[in-house]
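First chain written, first letter: the chains are A, B and C, and each begins at residue 1.
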Amino acid sequence: MSVASTTPRFKDNVHDALNDQRLQGALPHARNFIGRRADAAARLPEFDALRDSARAIKDHTLAHLDLYLEAYERKVVEAGGHVHYARDSDEAVAIILGVCKARDARVVTKGKSMVSEEIGLNAALEREGIVAVETDLGEYVIQLRGEAPSHIIAPAIHVTRDDIEADFRRLHRDLPPDRDLSRPEQLLGEARAILRDRFLSADVGLTGANFLVAETGTSIIVTNEGNGDLTQTLPKVHIVLASLEKITPTLNDVAQILRVLGRSATGQDMSVYTTLSTGPRRAGDPDGPEEYHVVLLDNGRSATLGGPFAEMLRCIRCGACMNHCPVYHAVGGHAYGWVYPGPMGAVLTPLLIGVAEGGQLPNASTFCGRCEAVCPMRIPLPKLMRRWREREFERRLSPPLARAGLRLWAFFAKRPALYRLAVEPTMRALGLIGRRRGRFAWLPLAGGWTRGRDFAAPQGATFQSRWRAKSGAVK
Amino acid sequence: MSARDEIFASIRRSLAVGPVDAPRRDAVAARLAQAPVGIVPRRGQGEAAERLATFRSEAERVQTTVAEVAAAAAVPAKIAGYLRENNLPATLRFGDDNRLADMPWGATALEIARGPSEGDDLNAVSAAFAAVAETGTLALVSGPDNPTTLNFLPDNHFVVLFAEDLVADMESVFAKLRLACGSGALPRTVNFITGPSRSADIEQTLLLGAHGPRRLHVMVVKGRS
Amino acid sequence: MSESQAAKTQLRVGLFVTCLVDLFRPSVGFAAVKLLEDAGCKVVVPAQTCCGQPAFNSGDRADAQAIARRTIDAFAGCDYVVAPSGSCAGMLAKHYPELFADEPDMAIKAAAFSAKCYELTSFLVDKLGVTSVAARFSGVAAYHDSCSGLRELGVHDQPRKLLASVEGLRLVELDEADVCCGFGGAFAVKYGELSDAIVARKSDKIVATGADTLLAGDLGCLMNMAGKLQRTGKPVKARHVAEVLAGMTDAPAIGEPAEGEAK
């Protein structure tokens, strides 16, 4: 059972988000990524060609995923690691709990992992009396607040500096209450000191993986803080939790994709730490974990391969799509109601939790196309959202009134003569009614529009009727 | 059927392939063996001097500081000087790397500690396995020579880079690793480090020293050690 | 060149007027005709209804295909099909072949049709080589790039180039000109609150330019933005870029009453 969603009440979430003044004040930060990405892309002449190269590598990999998985597993075992397979969230949680319990683990430090959100890992650990400590600063902040991430790269983008100070004061109770926390550096310093203790005392460190390399049996994380590294180097056990599609054939293939990942995400040519981990510590190593476990999660990926939504498996979780999305900018990530927000969330969510529960998201798009324009892996996000709409239409999942309205329009659109008969008098009448003000403050069935906007009145007779009158006959 | 079996069956069903398909297996084996190189940007390419200039320029963009020294023997004094100038304690830790151990530390007043860090060290020095000109990145490899903890726990991280180890791109580092470790094998950890640790999670304000080092200082040794 | 020779080389351009222009603002259609005729084209207007995008975008593939078939047949005799809308032109030029991906014969027909479909300003500048228009318009205008035109068809420089030649018109750049206005067709009604929030930001950006006129190439976007500007009492008037380029700005701006009518 994947973690629960509030996606069916998306419109209510939107309403709440739009009326949340604090959130609205924090949301503009997401726009900062736009200029940074553009600058980074402009500075590298080969950027667009690299996107095509990255796409080709992923397509090839997905078409041979079974074989690369076999190769990857062989290499991990050769290096002294363990590979576990989880069909769904419950299995993944059970495997991780098993590894933790076998070592009597009390504290698990975590690097940022969206897949761990997907399976609801933290709650499961807590239920078993194991303390899960998020160490990515943004994840730590939202863990203190009991919130989920609202962005896949910058999980606390919705939180203000004031919020963070208030939470630190509330929860870091052993520190002097009169300490100065007015500057961000002070907040960072406090988090660093507190988390440093956690790093050093953790029994198990769990990270995600940006790549799982078949050539060498290596897991790769891409971070800026160094928390992922401390998480996976200091404890005795390192668990890597990753979904199947992270498999990448070779290190040289990774180098291709890395060149578009950081630039697309934050505008960085390289993140500060790109770390390759292969198996546990070797004989003679003075540091490193004694055990290395990789938990591979399916949870819907294998069923997506080769199907109409397979292109979504190319996603490298850079966040560029949501950084450029007008819907995301308006309401932030929590409104989407599940783990993955923005355009990639709109396509992925119905895949992972079903279209009945997740179907609102692909509908809540204007198809402006900015997401597709910036996706480093050239995923045709609007097309895939439209495909979800087709599924919903076939299954009659769209709201009946909207469906009826569109069917009515299509009925007339297929019959030009009837169309003319219907629209001519209607537009003349509306034109007459609206003549005085030039616009309507309200129209039946268009409340969604007219609540906040006026609706222009038609000019009266239609173009085609005037054209016919002018030039005699329509061809 | 185990989870593993089911997942593989599901993948093969979705792709409409069988487990024994020679052309597919050949394609995969070929790619793994040849590890074809894709598009390598021009940025990091060029002769040694050009690569060094690119490395410096890219590294400084991300708040790494870069100094050039004529010989390995000059490193200890350089580090001692840096610590003094920045009002930092004259302590330093490093691993078993002979290239570091053989340097004249005794000629300085530095208090030297050896081995992996337990979290109490302010300053550490590592010798890089290689560096990437294209992005101003250092490549460090785990093991007793340069323990991984030295890359993350101390506040100030010094990295000695021998100029002949500065290559154009990441692919060249992978080639070096293949030579050093054998095909298809890697040490426990390879760190590619580009600048000091940072976070922008507090209202998008860029702050250095999130969990890893606040300062990253690279000393490029021009002459042979 | 003799008249018969001119007639032979004259392009036969089918105007795809778009349902919004047809129903709500015929003046845009007449402006498009004038621009095309001034550029030497013979303009015809086959009986038409819709490009099928509402059905297509709501997942009703069958209806979209049926509408597309009719459209393709209606414009069969034309050398080119030109629409004063990036959104409809995008549907015709980019999505029609996609609609018939499973029907090879129809796909070929659709591809041939799509190849002759253009957005108006792109057709004038890119295809016909028009570099200027003989219009005047006194005012300060901000231009909004409609998403489909921009991202599907590369419409960006063309309208600006032509607007630069309009005497008396000062074009000011709109911050976030390439960001969606929140229309999105049915989205504006289905997700009205969300759409409203997006257009509110757009409206602020427009007002911030100090322009008295808003221009764009898509009537849906214009009606959306005008509706927000008017509801919030902003004095900016919205017109379709074709109307200004054709020098046909006597009609009231979008959503504005005729002269002499009470406001």
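Basically, a residue touches a chain if its C-beta (ideal position, glycine included) is under 8 Å from a C-beta of that chain, and two chains touch if they have at least 3 such contacts.
Being a predicted model, the structure only gives us computed values, none of them experimental.
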item: Chain contact graph, described as a line, ring, star, complete graph or other shape; value: line
item: Label of the chain whose CA centroid is most distant from the centroid of chain B; value: C
item: Chain with minimal offset from the mean of all protein Cα atoms; value: A
item: Whole-Å separation of chain centres (CA-atom averages), chain A against chain B; value: 29
item: Inter-centroid spacing, chain C versus chain B (mean Cα positions, whole Å); value: 54
item: Inter-centroid spacing, chain C versus chain A (mean Cα positions, whole Å); value: 33
item: Overlap residues in chain B, where contacts from two or more other chains coincide; value: none
item: For the chain C and chain A complex, residues of the former touching the latter; value: 17, 19, 21-27, 29-30, 44-50, 52, 54-61, 63-64, 66-67, 70, 74, 77, 98, 147-148, 151-152, 178-180, 182-201, 223-224, 226-228, 230-231, 251-252, 254-258, 261-263
item: For the chain A and chain B complex, residues of the former touching the latter; value: 26, 29, 32, 44-46, 49-50, 53, 57, 60, 63-71, 75, 78-79, 85-87, 91, 135-138, 141, 154-157, 160-161, 164, 184-185, 187-188, 192, 195-196, 199-200, 214-216, 218, 224-227, 229-230, 233-234, 244, 249-253, 255-256, 258-259, 266, 268-282, 284-288, 296, 298, 302-307
item: Chain A residues touching chain C - in the complex, by the definition given at the top; value: 11, 14-15, 18, 326-327, 329-331, 363-370, 372-373, 383, 386, 388-394, 398-399, 402-403, 406-407, 409-410, 412-416, 419-420, 423, 427, 435-439, 441, 445-449, 451-459, 461-464, 466-467, 471, 474-475
item: Complex contact set, residues of chain B against chain A; value: 2-4, 6-8, 10-12, 14-17, 19, 24-25, 27-28, 31-32, 35-39, 41-43, 58, 62, 95, 115-116, 118-119, 135-137, 142-144, 147-149, 151-153, 169-171, 174, 177, 184-205, 207, 209-213
